[in-house]
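There are structures below to look over.
Both complexes shown next keep subunit A, but they swap its partner, so subunit B is in the first and subunit C is in the second.
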Partner chain A sequence: MPHTMRRSLAAATAVLLGATALTACGSSGSGDGAAAGSGPVSLTYWAWAPGMDKVVALWNAEHPDIKVTVQKQASGDDLVTKIITAAKAHKAPDLVQAEYQALPTLVSNDALADIAPDVAGVKDKFAPGIWQQTTFGGEAVYALPQDSGPLMFFYRQDLFKKYGLSVPTTWEEFAATARDLKKKAPKQSLTTFSANDSGLFAGLAQQAGAAWWTFEGDTWKVGIDDAATRKVSDFWGGLVAEGAIDNQPMYTPSWNKAMNTGEQLAWVSAVWAPGTLTTAAPDTKGKWAMAPLPQWTEGGSSTGSWGGSSTAVTTDSKHKKAAAQFATWLNTDPVALAALVKESGIYPAATAAQTSGALAKAPDYFANQPDFYTRAAEIAKTTAPAAWGPNVNVAYTAFKDEFGKAAKAKSGFDTALTAVQSATVTDLRKQGFEVAK
Partner chain B sequence: MTGLASPPLRTTVNGDGRAAGTTPGASQGRPRPRRTALLPTAALVLGALYCLLPVAWVVVAATKPDNELFSTFTFLPGDGIADNVTDLSAYRDGIYWRWMLNSVFYAGLGAVLSTVVSALAGYALAIYRFRGREAFFNVMLTGVLMPPVILAIPQYLLMAEADLTDSYASVLLPLILSPYGVYLGRIYAEAAIPMELVEAGRMDGAGEWRIFRRIAVPMMAPGLVTIFLFQFVAIWNNFLLPFIMLGDDEKFPMTVGLFTLLKQGASQPSLYTLVITGALLAIAPLIALFLVIQRFWSLDLLSGAVKS
Partner chain C sequence: MTQPPKGARRSYGAEAAPYAHPSPTTTLTRARSAQYLFPSPTTTLTRARSAPYLFLLPAAVLFALFFALPIGYALWLSFHKVEIKGLGLGKGAKSEVWAGLENYTSALTDSELAASALRVLGYGAIVVPVMLGLALFFALLLDSERVRARSFARLAIFLPYAVPGVIAAVLWGFLYLPDVSPFHFLLGKLGLPEPDLMDGGPLYLAMSNIAIWGGTGFNMIVIYTALRSLPAEVYEAATLDGCSELQIALRIKIPMVVPSLVLTFFFSIIATLQVFNEPMTLKPLTNGIPSTWSPLMKVYNDAFTGGNIHAASATAVVLALATFVLSFALLRISNRRTTQGAGR
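Take a look at the complex of A and B:
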């Protein structure tokens, strides 16, 4: 088997190199006691981003004393369950890739280590809204931000021109544009509200200033039906109810078709939208443009995020210092970040990388908008803080069920939001957390 | 389908002169005219469509290049099958074929081992009288009712105690003892092996092991083939156990491997074309196995062995 052979060769090389490094010079400046003391350190890393093994190969070439092996996993809630199960048996890998909203779940299951002492000075490399999501606003650091998905407004430039629409800067204008389009072209819609994509709704609520989970002392407070979220859900529920926008879910074949044929003119999505559009709407390449997300107040500038993940060190790791060193390199080193952009197609969370050479050129699909990433970086800076709790998965599932029903019935989202709130609170209590009334 | 087109009062007669569908007792008289049953036929055709349409979809979808997958008519074949297979083989240096080999290894070895255990246990339960036999069998029966899914996490924690997680053994070991296989083994041994034959063997001086090997196993062969196939398919399609047990993606079976292509994070489009092509190729070994093995089913070694 060529794989096994290559692997064992690589391992042999690493061991050899490591041994040489040890005998030749004790300190290579890595400052990792464990690595210097007990020979080369071997770390395993569960990640799902495509091409991560190639990025890690760069690290391994430079750091023979700390060898990282990527074990590619499938992303999503199932992986969170897998990590927690492995942590219960003390068999978790040294490093894991984790979505921001999964971090509280992992931390409350004691799966992630606090690496604050090993990553001093890293904080300033990230936007505060992002950093807060890996630290929960405290001193402990449970993960380093890797990629982010600031929300933006994508629209069909050609069709906007054709129907005489202007790009909305506020949500009020957004609603007016949707109604205007319906009048001019009843068969087309500005966009759709997808009850399948809890993450997008969470991002929109985040922009409006919602705080879904907050923590005070020993008690959690769930604010899914807070005023900000209610504003967002009333807005979208109203548009769906009056028929101004579509109500079909995203990422289905029929949605792909609607995007590809111009049945839908716009998409509220994140910075990674070009990748999705390339496969969903291949025929409309070069006809789209990106603008900042519409605002709740005239002249405001704030956005939410959809997606994004971080690198965390587990409590099971026997080499936390080395693992933290690798995580720091992966998410702050210009070489690593350039490779992540190229190989994994991520949008880096590190602010310096957002305007770096790797992102100098607009994505192919948006070749008509050469300053795509310059504008994206400006938008990314305005990301509002997000507040995640230990049972985001439960809230997300409840969202899909309740909002799915309401969107289909076009009955407004009032009761749906209340139902999501109470399902989340009930589950938190059941898990044994204190929940404030 | 011909049944639908034929006139409703046509008589269908089998080769041996009996009216199809009549019981042997009734058939001793003259052949009876029979109405073609429209309703059952329609129901069966619907059932067949229900089973075959998704397969047809996979076959057609695997021929479409990326940009046609969702945009052209669903059952209009594309011309990208060769490219899709090439892309799949190129994906991460051909790791798909490694997953395929892993699946063959897990399913092949797992099914063989589990068939051996089922044969031994089934034979013992059927032939020997010993204390606690029924109790043991009943406990096994409850195992049949227990879905393997709920056992995956306890099994993981047990494997972790033994320091065996993330190894080939961690996936193989839990599959060796199959309650359903033991159950089938016992039922089949009881039906296929007459006690007289076992006693005749003893009379002639054969040891118990020799009787099992030389007399019982050949007689149980069709049943053992069934157990083997059941287990092979079950392990081939198994998802949760390897998903929980394995961290190293080079040890993944195909099911878990293809899942990583579907879920690459919220910002990455799923590699639908590759997954569909991979799923289609994954059926091929199963079909081949069925074609090769099905002839053993017709073997009936019992015929003529004893007078009844």
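Take a look at the complex of A and C:
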């Protein structure tokens, strides 16, 4: 590498940075001081949802005393790291968007404030399974749910008809359908087991009744290797091992092609799937349909969730009350929720909004299923609770590595699940958490 | 990785002429001798004495702020760990405490780190010889008398270096993926076997290919520049003695550009140990690349996915020391060889 060039560049950048740092030091601090007085309060909000600035503009127009500024961020794990770093330096914004599974990590880094006193009475606006994720089942409220991703079953209506398949209502039927299809069309697969998104597997385990992180007193208990999860992992591991479904990861050009050409006939996904399919499989618009997720017991009705995020107030915020007020408006007010659906394309967590006018029309991609959102709202009500802990990321990475290896080898997921459990427990212990046997 | 120019400069015969580099000390001596000739107040002397330090100051400050300080902080972090009280939720649940060598022992006994180091060594065993061999070959070709379209060829070989590593990895990743790869399409049409390049042994070849494609051009330019700076008389003498083009290349050109080869070798070793972009970009495309494929990925994973900045710092320090020791050991060996060669 041309080190000399790089180094002189670095030096130049360093000089520039140094200069800006100096000026920044000179002028900062005054802004906060002014806001702390009786004048209007100004809040900053880190979010990644597209169009959030437009939604916030509605709030600002109505509330001249509390001005919110959106600072657009990258989504997911990157933002978690950034929030933790900012909180460490006591420079975190007032409000942040955070995925549910990141909340315990953020709380354990003392980044999020308990806003329970400021949001009394909000609880009933959300499904219990969702509310539990922002409170960890206790009295404290660390965030307000914004959007959710209930799991559903998406399938190619035309190809199901062509091969004489019926929509599976139980996982047993799902497996039979996969085998049946392999017999009729060996080159096609019902779906794939993808090891590159741990959230889907977590959602499937949730549906089966798994609770991955629980606590009693001061001790954490990790249940990734519990009976419910084992049932799910054995099921998918078996299908991959016998070759009834594919084993390639999702979201690759290969996967897009398989979805677009009908090489794969179905996808277990969440309510936001239409958006993904629009870009991944543009040629098959109008050929897909949505059904409830297959069940473990006949006649059951339960689903897991994949994705979804919340709005949290940070411990650094000097105006926690105002911030909580804004968060409540954003996630429960019909006007705000309608704007969120329209501008950000989210599926709101607030139950009332799920059947509101904003979601009356089915997504464009699913124009053939006009009652898409009515059915979605019914499914969303059955979302099973999820239990997250302080090292979800570690478990998720271990999942990707171990299940990736096992999916590649088509050797069943038995040892992979054990490995994810032990990696998670080891990490918790190493970090110094008390962990039950 | 601060030393290399030394070995390189020596080869160009500059070492015999230290006066060619006016250094701060020579300036100082000059100022001093001038003072003996023209006696002046002592203030001038102090000013003259402090002048070099004054000139050094900007560099020293920047070095301290943006190099020494972060390294120092990383070292500090590597000797600490987080202590958790209770469930670790809420205020004051986490505190930073002294950890001694704990992070280091766990880094050094980590089988994942060892496995990633082995993987990278295997990758380096392919990349370094092939890339440098190709670079030398191309440089010699470009330097030969009969070559046509020299500047175009030089640019064409160098161009991949201008493609950012991440882009190159995405580009090649798409070419490797069986379902979208034109190569697989052709192989399938011809009825030939279609190997999966994103898995097992072939993965090393696939990954090496990206590095070789991207790095050959740069190394070629370094070697080629060294070749161009060789005096023409040497070749004339060799031709008069009856050397063929090939013999000139093997017996004169290659031995004379050994210092450049050492330099490029040195850079390549460091780049290999620090490989990150390519495996990180290819990872989501396949089940075959774990999140700790290379040592740097392990550090990244510990720090930003696992949130354990202390363990990551310790691993980073270990990695930096290993790189340092390995590159300087290699440089030592090669320098001894070249000086011996020059002595003969």
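Assume the second predicted complex is superposed on the first by the 400 of 437 C-alpha atoms of A that agree within 3 Å, B and C clash if a C-alpha of one lies under 4 Å from a C-alpha of the other, contacts with A are read in each partner's own complex, and residues count from 1 in each chain.
As a convention for this text, contacts are C-beta pairs under 8 Å (C-beta built on N, C-alpha and C of every residue); 3 or more make two chains touch, one makes a residue touch a chain.
None of these values were measured; they are calculated from a predicted model.
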Check your understanding: Which term applies to subunit B and subunit C once both are placed on subunit A by superposition, clash or fit?
Key -> clash
Check your understanding: Does the superposition put A:90 against subunit B (first), subunit C (second), both, or neither?
Key -> first
Practice item. Return first, second, both or neither, reflecting whether A:393 touches subunit B, subunit C, both chains, or no partner chain. Key: second
Review point. For A:418, is the partner it touches subunit B (first), subunit C (second), both, or none of the two (neither)?
Key: neither
Check your understanding: Which partner does A:253 contact after superposing on A: first (subunit B), second (subunit C), both, neither?
Key -> both
Review point. For A:284, is the partner it touches subunit B (first), subunit C (second), both, or none of the two (neither)?
Key: neither
Review point. Touch check for A:73: first (subunit B), second (subunit C), both, or neither?
Key: first
Revision key, fill the gap. After superposition on chain A, the stretch of subunit C among 182-190, 236-244, 272-280 or 308-316 that runs into subunit B is 236-244
Point to revise | Those residues of subunit A which subunit B touches in one complex and subunit C touches in the other | key: 1, 3, 78, 253, 257
Point to revise | Complex contacts: residues of subunit A adjacent to subunit C | key: 1-3, 10-11, 14-15, 17-18, 77-78, 81, 84, 104-105, 107-110, 114, 136, 140, 195-196, 215, 218-220, 247-249, 251-254, 257-258, 315, 390-391, 393-394, 396-397, 400-401, 404-405, 407-408, 427, 430-434
Practice item. Enumerate the contact residues on subunit B facing subunit A in the complex. Key: 66-67, 70-71, 92-93, 95, 98, 153, 156-157, 160-161, 165-166, 243-244, 247-250, 256, 259-260, 262-269
Review point. Considering the complex alone, what residue numbers of subunit C touch subunit A?
Key: 1, 4, 59, 62, 65-66, 81-84, 86-94, 106, 174, 177-180, 199, 218, 267, 271, 284-288, 290-292, 301, 304-308, 311
Exercise for review: Please name which positions on subunit A make contact with subunit B in the complex.
Suggested key: 1, 3, 7, 44, 46, 48-50, 53, 71-76, 78-79, 82, 85-86, 88-91, 93, 99, 147, 149, 199, 253, 256-257, 260, 270, 272, 275-276, 278-280, 282-283, 306-309, 345-347
